[in-house]
Amino acid sequence: MFNYTFQWKQALARLPQMLDGAVVTMQVALLSMAIGIALAVVLTLFRLSGSRILSGIATSWVEIARNTPALFQIYMAHFGVASFGIHFSPWTSLLLGITFNNAGYLAENFRGALKAIPDTQARAGRSLGLSELQAFRFIVMPQMLRISFLPMTNQMVWAILMTSLGVTVGMNTDLYGVTQDLNALTFRTFELFAVAAVIFYLITKVIQLGARLLARRMFRY
Amino acid sequence: MKFASIIAAAVATASMAAPALADKLDDIIASGKLRCAVVLDFPPMGSRDANNQPIGFDVDYCNDLAAALGVQAEIVETTFPERIPALVSGQVDIGVASTSDTLERAKTVGFSIPYYAFENAVVANDKVEMADWEGMKGKTVGATAGTYEAIWLEGQVKEWGEGQFRPYQNQADVFLALSQGQLDATVSTVEVAEANVKSGNFPGIRIVDKAPMVPDYVALIALRSEHGLIDYLNLFINQQVRTGRYAELYAKWVGEGEPADLTIKGVYR
Amino acid sequence: MFDTALSANDLIFLAKGAGMTIFVTLIAVFFGTVLGIVFGIFRYQVGPVIAAPLTFVLDVFRSIPLLIQLVLANAFLGMVLRLGLSGLTVACIVLTLYTSAYCAEIVRGAIESVPQPVRRAARSLGLSWRQDMTNIVLPLAIRVGLPSWIGLSLGVMKDSALVYVVQVTELLKSTQILITRLQEPLLLLMICGAFYFLISFPVARLGGYLEKRWTHD
């Protein structure tokens, strides 16, 4: 049918190496997500703090993260900051880049979620004797995280997809990096990347399924 | 069932018939255009001048070939990892991109006879103590993803069992990382190493030693099935050497001395 | 840091790259939106069972890194089908389909959001609307969908930075080319980042403004 001979065996023989890469990809994405959520909560607090400096920092972070390409952010985390003599390994640079991006997007999601939580709730908490931080921690934040759960799942999928950008900063242990290395050896571009695509697809499905189960557990809609 | 298979056969023949008549060489001549994949961050083989126009040994080589074919040359910039996808996806007709002719790769693409041969050098950051190539053991080293030296260096790091290997997407990123101190050392072709040290673009780096590798014979690449084109490329390379153009380009881009010998003693191609 | 070898020529070179970024984005967003609306309405009308194959294909575009989509499409169209398309064409095709996959989702979500005003997704977007207007599907759906669509368009612009893998010299790639020659990574990256920011930020603000205005009417 096609004027091309597929060599799937050559690609499938490398499957174990690619699966190792998939593990690294998941590690980076999960870590970036965990740190990203924590940072996004902090950024949200900064925005609520009323302090001009703090909310300025938070706003700049969010706007830069949302208005420049992720590839740019990762490249910057490696080559940009090195101009100041700060050196990160490819793994760290990739993690930093994605985390920066995650935190920015999630903080914006949290802001949207906060609008759905009436002020009166936090005020009621305050009048019960909770401190401002306690009111946020026990009343506002749980609802905020629940409302943002779907955007968070999407962000997690994006984090997985973003790991593929690590090659630009010398990463070769993640799924994309491994695939590209193998491609340099064998030049079997189509077969290798098709296998990588299937693995990526399965990872995102597992994450979405996991998120759905988790949501059912946690929120009991 | 029978009817369907007849139709399928007819469609298949119809779709196959047209391209089977002319081969790539004919296509190039007919289209009046030769599209070459060239890596442009690989001085002196390929780089850009102050107007961001492509220049270098490989660029001239492509121009010469186009002139021989009587067509216009079109330089398509690719990175090392992207040159094969560019070739097999038909965005370029050939690659003049310092492609090492390994047996593993020859399973996928067609190689001409070698048109150049590199020796490789170890380049280190000034702050790192290193006497010879074995000093790279245990250090953070890197090279350009998808190149002969990267494959060698990664193998070497694995063999040593210590240290770290990082492939970057292009030569410039490797030297940038080396100059910034993110890498302790790299292996690159002697030509590239000397050009980069000399240019002053990358302060704080020095050439340490030659890398103990078999010379890196690089060839032009075309689709594996295009024998007519590959035959033409072979003759073209032979003519470049025969007419002295090879030595001329070497003097223009690389410098003094003898250009690398492209023959291997004791064996036919 | 401002003692630079950057010439007017190089700035024009960068501007050309930015032009390419905008060109690819406009093509992808335009055709991707048209396709996305068709796909979205189709999915809503025929129900989940019949639309399953389409849903699956669109989902694939959202589950695989764009980088791999580009490499694969490039290899498939060129190597297997031998169409001999230019890198720019491949980039536009892939980005269009990529856009349409997200856009279809936005369209379907917007339509579905109309009869059920208190859906969580819409709430997280901060939108609310009067129930007595549910019979006017289109204007309401547009109100729900437009801010996401603006976000998607900006996302496509940023993602278009990846088309360098199919030999298209867009903004980030032109920046890298200049870094190669001039070795001033920080300055050049700043300029590149500023370019993106200047295009993206005002549009994002416009989206935020529309979102806010429509929430309160």
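Per-chain numbering from 1; labels A, B and C assigned in written order.
Following the convention adopted for this analysis, a residue touches a chain if its C-beta (ideal position, glycine included) is under 8 Å from a C-beta of that chain, and two chains touch if they have at least 3 such contacts.
The UniProt protein names, listed by chain, are A = Amino acid ABC transporter membrane protein 1, PAAT family; B = Amino acid ABC transporter substrate-binding protein, PAAT family; C = Amino acid ABC transporter membrane protein 2, PAAT family.
Values in this document were obtained by computation on a predicted structure and should not be read as measured data.
As a matter of contact connectivity, taking subunit C out of the picture leaves the rest undivided, in one piece.
Among the remaining chains, B is positioned farthest from subunit C, on the basis of C-alpha centroids. Averaged C-alpha coordinates give centres for subunit B and subunit C that are 34 Å from one another. One simple way to say how far apart two chains are is to compare their mean CA positions; for subunit A and subunit C this gives 18 Å.
Multi-chain contact residues of subunit C, defined as those touching 2 or more other chains: 71, 75, 79, 82, 185. Residues of subunit A found to touch two or more other chains are 3, 79, 82-83, 189-190. Counting partners per residue, subunit B has 19, 85, 88, 176 as the residues that reach two or more other chains. Against subunit B, the residues of subunit C that register as touching in their complex are 7, 9-10, 13, 71, 74-75, 77-79, 82-87, 90, 165-167, 169, 176-183, 185. Interface of subunit A with subunit C (complex): residues 2-4, 63-64, 66-72, 75-76, 79-80, 82-83, 109, 112-113, 115-116, 147-148, 150-151, 157, 161-165, 176, 189-190, 193-194, 196-197, 200-201, 204-205. By the touch criterion stated above, subunit B contacts subunit A in their complex at residues 12, 16, 19, 80-81, 84-85, 88, 104-105, 107-109, 142, 145-147, 150-151, 154, 164-169, 173, 176-177, 180-182. Here subunit C touches subunit A in the complex through residues 60, 62-69, 71-72, 75-76, 79-82, 120-121, 123-126, 154, 158-159, 161-162, 172, 185-186, 189, 192-193, 196-197, 200-201, 204, going by the rule given at the top.
Taken in their complex, subunit A has these residues touching subunit B: 1, 3, 7, 10, 78-79, 82-83, 85, 87, 89-90, 167-172, 177, 180-181, 183-190.
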